[in-house]
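Next come two complexes built around chain A: one with chain B, the other with chain C.
So, the complex of A and B:
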């Protein structure tokens, strides 16, 4: 390069630097003007929302003025239909059809249960599922934390000041629908938790791995939702497309193989651990990682990484025994007893409850499919009735050993027709169990509403319901230690189809091993005896 | 003769070593005891607290600590542990007044641990105050014997009686996962 070329290159560089400086000076600083919300739209500035709303459906109409396909999308989801058709059996599932192990059935109890429906006005079977303004946008999109729906209002929010629970002396203020509508945002853990943390009538009652401690969880409780760390919201994993939320327990993929799915790519099961971590996620020391990675062919990630569920102060309900419901106190009046930390222990309306926390899961083979006992199905009352049965067997492709919360209880059944009974529990009418404490009246109304026959007799049968555990993932250092499974009577005791070193034995290998050891010992002994008995040879004299 | 003396010495040394070995193996279980509770951690704590408050002899709840909390604050998981602290001036007073044994204030207030283990069961852990007391003269020994008698009453739990509410001290939320300082006897 000549001196002239060097000078030219230097001048070009200098010119480029000057140009960059000038351009930078021209760009105004916008940092302090960035809107506080993440959305590209500030809903508080929309004239459609700048008015007083008297009802939820009025707000929905305003939403649909812009989001004109949103209601149609929602109406195709389980959050709206509360119905799922099992593609394998044709069985009608979903909250609309199944009997669960908690409040039992939604049928005839819609006004209460629909506090958790993403809609307005589902009071009975005449509800119009095609009416778009009945879709409740706010329950999922409220960011103010003030939107509240109470049992008894068929899914409507609170419009007038109301005493709740009735007779408690506590009052709930009406929702400011305009404020809520102007503050809509993407769903947060609090939005989803409104129903999924408080399902079955109380915090932590139903799931065991979902309760209000996950609104703002510390790292030990969940590494992904850790409020000071990754701070995942539910929809980070339960990715949503056209309002269809991935990862429902009705269509759960018990295993997913292959590499991690890059973000932004369409995944058939984005709510699985493997979607981000792949099926060979362990990367530490080569041998140990390889050993752990072979476990992923047999175990769900959750089996090791959720050592206990309900790890927090809330706890979870283990037992709901309906057979003691309607028992009154000594004065003949309904009784409500609480346990040592204020959770319901007995309620004359509902029966006995047992709670606990830091619970070791129960483990089962699971292929993602669940068989349900639904209304009208025959049961065997001499055995515990499985409200749902996680299917799957050893060595079945797609099946893994999963952790479950198994909720146990007793429910009313018909001893002649041998099926579970639909009980009209909620309501203020004279047949509601929680109003008049009369089982026959409540069963009559429940079964008539469900369109099912009843012999007129009732008794109680033991039941259980299994809930796969997938949340409350502990930091990796707190995964289940190897020895807790690889020991007699360990965590996986009773699980078929697995070979557990430390637990199982092979007679042939053991015999060969012991024989080898015995022969080695005998050989050594003989050698020693020979050495002792045969006098040492004296060193040869050089002479 | 030499053989007898050597044999005796070897025997004594061997005996002492065996005794030491046995003692070191048993020391833990002699100094501390644990038993299974049929109730949840919280209910066990609540029932013990209720018994302490009903025990008389100046017993009062001194605090309730959560040793697992600092671990959780650092992002780690441990199974639940609660530490009930109780004290009685009737028993602590004489010990604290005696210069020779004031160092035993290290053991005050009396503590009862309630914890879950990985087998899923709830355990109650207590210190063998009687054994410790015997090591420090007659006054401490007698006082600790009384403490042991009361401590046994703390642990009697009648499952036919309803679960009492857990007493959560409202003041003194402090480091070490502590929540202490209710009406204390020490």
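So, the complex of A and C:
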């Protein structure tokens, strides 16, 4: 390039810069200030929403006037059907079908349980799953924080002022549906948390890695959701498409190999750590020689990066023992006891509970498939019944060692037919356990509603349920230190199929080795002592 | 061969040789300390730190060896390790009987033959057996992450490599104990050590 060409190019660039500067200066005068919300539509300005709504379904109809496929999409999700068919076993799963380790079964208890259904009016078997206005848009899209659904209303929000819990003297005000409808937005942590933080009926009860402390978490609690940092919402990872939320526990990718997937690229499971981080995410010096990155062939990311779950005062439930339910206080009245920090410890309706915080997970090989013990399945009451069994053999491709919260308990079963029982717990009728404290009546209604036979006998069996831990990812400095596994009786004690330096040894090599060293030491010591003590026979030739 | 500069003394170990010997000694002692911690025998640095320090010393030893092998060949000193069975019997007799009666040492060190025949055999065993076991298994252990890239994962197991390495470490420990003891068998307990520090050996001595 000649000097003249250079000069010319420089002048052209300068001219272009001046030009854009002038244009940029013009932009603010082009229109109003940028609206505060991210969406391209301001719902508070729509006349369709500027009216008094009496019920949830009325709001849904208004939503569907524009979002005409939204209800159909939702109706294809688990959030609506509460049903999952295991593609491998054909087993019918999902909240509608399984018996869990907490409130056990939704069947015959719909009016209460459906407080967490993304719909309105599921009271019993007769619920019409095809009715579009029964889809609840607001529970996920409310941004006002005023939309609440309570047990007992089959998924409807509060339309009239109501005492809750009954007899508590506390009242819940009706929701202003117009305000909620006008303020709809993308779901936040608080929206998802409405149900997922409160699974099994209370804050933190079920998961252990999901509770209300994640609404506004500090960095130490979760690096991604850190309110002052990355501030991820749930759907950042659980990316949705057509209202299908990625990353269900029922179809979990226990391992994912390969490079990170840029957002937008088709990904079989965008909710895994590896979708953004890849499966070899550690930058390591020669001193580490890719040691951490090899760990990813054996361990799930969560195993090291979630050192403890329930890292806060909310805590989580470890044990629910139904066998003591219906026990009354000395005055014959139901009792409610709390533990030292106010979490439920005993309830005549429900039995005994044990809660705790800052819990170390239990570890298991897991390939993402889970076998459930559901309604009517035969059980062996002499053993602890696994409500769900995380499958996966040591070192099988696709299996990794995963952290789990294992929730233990006791629940009712049929000692003759050898299956778990469906119990009618919630309700105001005379057979509901929580109303009348009568097991046989509650079981009769429960099993009848489920359409299953009952021998008339009941007893309690030990059960456990495993929950993969995937949230509350700690900052990297808080990851599980090496020595917590690489030591005798460490975190991975009892896990098959791995050779852990520092833990695993060969008895023979160790015995022979230490013995040889000891003999060498003793031998040389004796040799030395003898050398020093045996009197000289020949004088030394030189001093 | 009497040194003209310092009558009565032989200059047995040159400066690099002494440096190499003590550096290697320090590294090996440190590798035993960190290695057996990794093995789970005790807790000192903590597992992670022990692994890092062990690896660091391995790299350092590797570099030291690179120079030393070069040195051995350019100076011809490698010939010191050629085994000889001459006088092996005499050496065994000396260590088991003669040493207690203050019999004269059957071997006289010279610059061309610094090690007694038993020593030669011991060092050769160390070089040809213990070192390859430790190095071979140590490098494989260190580069476990790369086995797949070279198809080694079909042939090797971490367990086998770790156990081989541990066995090598025990051999090294036994060698170390015997070696340290034998340094005290000069005409005074510290004579050999002094020689290895200064390089000078008293000429008339065994």
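Definition applied: the second predicted complex is superposed on the first by the 470 of 543 C-alpha atoms of A that agree within 3 Å, B and C clash if a C-alpha of one lies under 4 Å from a C-alpha of the other, contacts with A are read in each partner's own complex, and residues count from 1 in each chain.
Note that in this section a contact is a pair of C-beta atoms (placed from the backbone, for glycine too) under 8 Å apart; a residue touches a chain by one contact, two chains touch by 3 or more.
Everything numeric here is computed off the predicted structure, so don't read it as measured data.
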First (chain B), second (chain C), both or neither touched by A:61: neither
First, second, both or neither for A:528, with chain B first and chain C second: second
Touching partner for A:277 - first (chain B), second (chain C), both, neither: neither
Chain B versus chain C as contact partner of A:389, first or second or both or neither: neither
Partner contacting more residues of chain A (chain B vs chain C): C
Contacts of A:435 with chain B and chain C, given as first, second, both or neither: neither
Partner chain in contact with A:408 - chain B first, chain C second, else both or neither: neither
Contacts of A:359 with chain B and chain C, given as first, second, both or neither: first
Which of chain B and chain C A:474 touches, first, second, both or neither: first
Residues of chain A that lie at the interface with chain B and also at the interface with chain C: none
In the complex, chain C residues that touch chain A: 38-40, 46-48, 51-52, 55-56, 59, 95, 99-104, 142-146, 157-159, 162-163, 166-167, 169-170, 173-174, 177-178, 181, 184-185, 187, 204-205
Residues on chain A engaged by chain B in the complex (per definition of touch): 218-221, 226, 307-308, 311, 337-342, 345, 355-360, 474-475, 477-478, 484
Of all residues in chain B, those that touch chain A in their complex: 40-43, 45-47, 71-73, 75-77, 79-80, 116, 118, 120, 162-166
Chain A - residues contacting chain C, complex: 286-291, 293-294, 481-483, 486-488, 499, 501-506, 509-510, 512-514, 516-517, 520-521, 524, 527-528, 530-531, 534, 536-542
